[in-house]
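Below are two complexes that have chain A in common, paired first with chain B and then with chain C.
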Partner chain A sequence: MIYLDNSATTFPKPRSVMKSAEQAYFKYGANSGRSAYDMAVATSEQLYKCRKKLASFFSAPSAENVIFTYNCTASLNMAIKGIARKGGHFIISDLEHNAVLRPLEKLKKDGFCDYSIAKVESEDKLTVQNFRNSIRKNTVAIICTGASNVFGIAPPIKELSVLAHKYNLLFIVDCAQTAGVMTVDMKNDGIDILCCAGHKGLYGPSGTGLMVLGDDVKLNTIIEGGTGSNSASGNQPDTLPDKFESGTPNISGILGLSAGIDFLNKVGTENIYEHELSIVRYIQNKLCENPSIVLYTDLNNSKIKFSPIISFNISGKHSEETAYLLSENGIAVRAGMHCAPLAHRKMHTEDTGTVRVSPSYFTRKSEIDFFINSVNKIAK
Partner chain B sequence: MNKIIFKFSSVTYALKGKEIAEGLGGKAVVRKNPHPSKKEGCGYSLTVNGNIDRIITAFDLHRVKYLSYELM
Partner chain C sequence: MIYLDNSATTFPKPRSVMKSAEQAYFKYGANSGRSAYDMAVATSEQLYKCRKKLASFFSAPSAENVIFTYNCTASLNMAIKGIARKGGHFIISDLEHNAVLRPLEKLKKDGFCDYSIAKVESEDKLTVQNFRNSIRKNTVAIICTGASNVFGIAPPIKELSVLAHKYNLLFIVDCAQTAGVMTVDMKNDGIDILCCAGHKGLYGPSGTGLMVLGDDVKLNTIIEGGTGSNSASGNQPDTLPDKFESGTPNISGILGLSAGIDFLNKVGTENIYEHELSIVRYIQNKLCENPSIVLYTDLNNSKIKFSPIISFNISGKHSEETAYLLSENGIAVRAGMHCAPLAHRKMHTEDTGTVRVSPSYFTRKSEIDFFINSVNKIAK
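Now for the complex of A and B:
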């Protein structure tokens, strides 16, 4: 199988990730932060080490600001609902995933909060202007994707953070498609809350996610329960990370994620980005030779930053049909709406969806050549 | 040089404290607090051999939140 669905989850994982995750079942089998015996303390230490690596990786204020969740959707729900207050207002981009849109739509339907959608343009200053024009007196936060999970378009995060802070708004970034692929620096980029998956660009196992909090960010909890700390009290602890980590963490997942970060530090995010971007540019250059193939972005456009994702369609075919025919050839891609109706509405692809190709560090040119030949055969 | 026992509500802070204390050259051991007081609740203890002033200064600088400490 030629796997080109790494935006959904990366496959394969580095061997070190699998070996590290396995240790949870042989060496670090206790729960973390609960008990007194050596294995329990040792397990807690492994989780702490992972927090530290992630804090360094994202330039977070400190290890305890790294909150383990189960996926990016959980992180975004915690962030959005943790900030939401009655009568509040959020601004989101027109590229957001349902992980951002659905919690806000629910809050709106419940009469709790409202939201506005700001258009991402090909010129950054126009994008910033659109966000600025959406700010109201009751706006509490700007939420923006680091990059579209369908079209790869990367909005101007740093400029939007400047805007948000100018108006005392929190700035939340969905880094599902950028963490591990593009440089994400909370300090430099001015991110107050970073949400991402552990199982995509960070090469961790599924069932891992992160919410990383900037300094002095105050959030309410949406889940309360046992944390192993101050257990006699019926109140949720106020200290990080315990406040947001009720229940047993995904220990094997976190151990695997720790090895994923080691892998990224060894290879270098910039090398991964260069490799993957060269692949999608190659795909674009080859596919655009076929008049039956429709492309939606120009990865060679220097005005726009892209994460290494490319979407296309074959004229006259629904994207799901194309994806099915590709799967018959042993090629794994995702088609349809990608849980991102806003992005498809923006690019007028609501009727057919798109076929999305997302490589990883492990994708080889020979695989891409086979993919391109297969697409051209289907398009005949 | 003192032997100091710090108490923490959270294992994360206990481990952070351990890292900092060891960075100052002291030996540090994290254990579940065997004698939790009703006021402090269950948590973790960090036993450190080191200079109390240097350790507390470092803990404050790195925002290591401890509940209390005891000189032995």
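Now for the complex of A and C:
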């Protein structure tokens, strides 16, 4: 199999990730943060080590600001609903995933909050202007994706954070596609709440999500329960990370994620980005030679940044059909809407969806040549 | 290490659980329910197989009614907040865990809902009466633990379900301590929403929780996002299980859980219960010979059912001290409040907490003899 669906889940994982995750069955099999016997203490220590690595990786204020969740969707719901208040207003980009859109649509339907959609332009200045024009008196936050999960387009995060903070708004970034792939630096980028998954660019197992909080972010909980702290009280503790980590976490997953971060630190995010971007640019340059193939972005455009994702279609074919034919050649790509209807509306691809190709650090050029050959055969 | 903290997390797991969980790194490494290539389809099939096993295991209406979550706490929050409505009222037992108490306390503080606490008595008839006396016009649900996570006391679930349904109330059961240990049959027990963890009595990995819905249970979502279904819409789909499963699930965890269920089906829950109950009864019979030891329950009382958990203290010692001294002998037990302040208030153990012993199917009699010896040495 030639696996080109790394934006969904990276595969394969580095061998060290599985080796580390396995330790939950041997050395670190206890519940963390609840007991004083050796294995429980050792398990807690491992989780803390992973928090510390992640805080350093993202330039977060402290290890305690790193919250382990189920997945990026859970993180985004916790962030959005944690700051939502009756009559509040959010601004999101027109590239957001359903993990942002659906919670807001729910809040809107419930008559609780409203939201506006700001267009991401081909010039960053204009994008920022669109967000600014959407700000209302009751706006509480700007939520923006680090990069579109369908088209790779990366909005100007740093500039948007400056805008948000100028108007005292919280700045939430959905880093599902950028964490581990492009440099994400909370301090430098001005991110108040970073949400991402552990199983994509961070090369960890699925069932791991992160919500990383900046300094002084005040957030309500949407889930409460046992935290192993302040247990005599029926009230959720206010300390981090306990406030947002109720119940037993995914210990095997976090152990694996910890090794994923080690892998990234060893290889270097810049090198990963360079490798993957060169692959999608190569794909673009090859596919654009075939007149039956429709491309949607120009990855050589120096005015916009891209995460290493490329979407295409074959004229006259639904994306699902193309993906199916490719799968018969042993190629794994994702087709359809990619849970991002806004992005498809923006690019007028609602009817066909797109075929998305997303490489990882492990993708080889020979695999890409086979892929291009296969596409060209189908698109004859 | 002699591990007697299985109520927190079972350890060790059956070898088959790790073997199955590992397949997420080889055979089933794709995202489920989102793509049509072979590995994605195979991964989805494995998840469905696990759902089917669980539906059969708990006598749930269908595989689709089995919802995978992060942990039991997430399940309980989804159940409680999914049926909460402004001005609604809940009834809970005086044995509930903070995973039930804290969400309700939050809803109460927000002025959204209220709740009453019904006392569990040493006679089931009286317990049911207490719950009945707590019913108000605005009551929406009864929430009860299958068994106390501190004292093992098991309230009369079946009788409470009859009461709940007589008054058109939803009946939610926190099966954290009973799933896999005692027979839990949704149909027979009249459970509308079953919440449990995968990493305790079901012998799966942590990071797996279950919310299993009975027939015709209408529930709102507290988390929305990408489901891989109906993706062109910004609205959460209404179909099960997608409605309550947004984002990527814990695939390795679910694969492991699937093997955990196979293990239970092979061994038989009744045999597990018999083995574990005989252990805690043996502990009771031995410890009660030592006048320095305080016990809180009588596991030979035939009027009440117990899950195989025993709590004790050594006179004049805080539970944490006893647990620490035991850990120096290589014995892993949990002390303190066990995230269940209500249960401690009931039993007047708020000041010292309790030392909790919880065996698993793998606990051997020789380990228990060593444990009893160690306790007696400390309690001289």
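One rule holds in what follows: the second predicted complex is superposed on the first by the 380 of 380 C-alpha atoms of A that agree within 3 Å, B and C clash if a C-alpha of one lies under 4 Å from a C-alpha of the other, contacts with A are read in each partner's own complex, and residues count from 1 in each chain.
We adopt the following convention: contacts are C-beta pairs under 8 Å (C-beta built on N, C-alpha and C of every residue); 3 or more make two chains touch, one makes a residue touch a chain.
Here the structure is a predicted model, which is why all the values come from computation and not from measurement.
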{"item": "Touched partner set for A:S231, first chain B, second chain C, both or neither", "value": "both"}
{"item": "Chain B versus chain C as contact partner of A:G190, first or second or both or neither", "value": "neither"}
{"item": "A:S62 touches, of chain B and chain C: first, second, both or neither?", "value": "first"}
{"item": "First (chain B), second (chain C), both or neither touched by A:T248", "value": "second"}
{"item": "Partner chain in contact with A:R51 - chain B first, chain C second, else both or neither", "value": "first"}
{"item": "Touched partner set for A:A36, first chain B, second chain C, both or neither", "value": "both"}
{"item": "First (chain B), second (chain C), both or neither touched by A:N77", "value": "second"}
{"item": "Between chain B and chain C, more extensive residue contact with chain A", "value": "C"}
{"item": "Set intersection of chain A contacts, chain C complex versus chain B complex", "value": "35-36, 40, 227-228, 231-233"}
{"item": "Touching residues (chain side chain B, partner chain A) in the complex", "value": "9-13, 15-16, 30-32, 34, 36, 38, 40-43, 62-63, 65"}
{"item": "Residues on chain A engaged by chain B in the complex (per definition of touch)", "value": "32-33, 35-36, 40-41, 44-45, 48, 51, 62-64, 227-233, 237, 239-242"}
{"item": "Contact footprint of chain A on chain C as seen in their complex", "value": "1, 3, 5, 8-9, 11-13, 17-18, 21-22, 24-25, 29-31, 34-40, 69-74, 76-77, 81, 97-99, 101-103, 105-106, 109, 197, 199, 205-209, 221-228, 231-236, 246-253, 320, 323-324, 326-327, 331-342, 344, 350"}
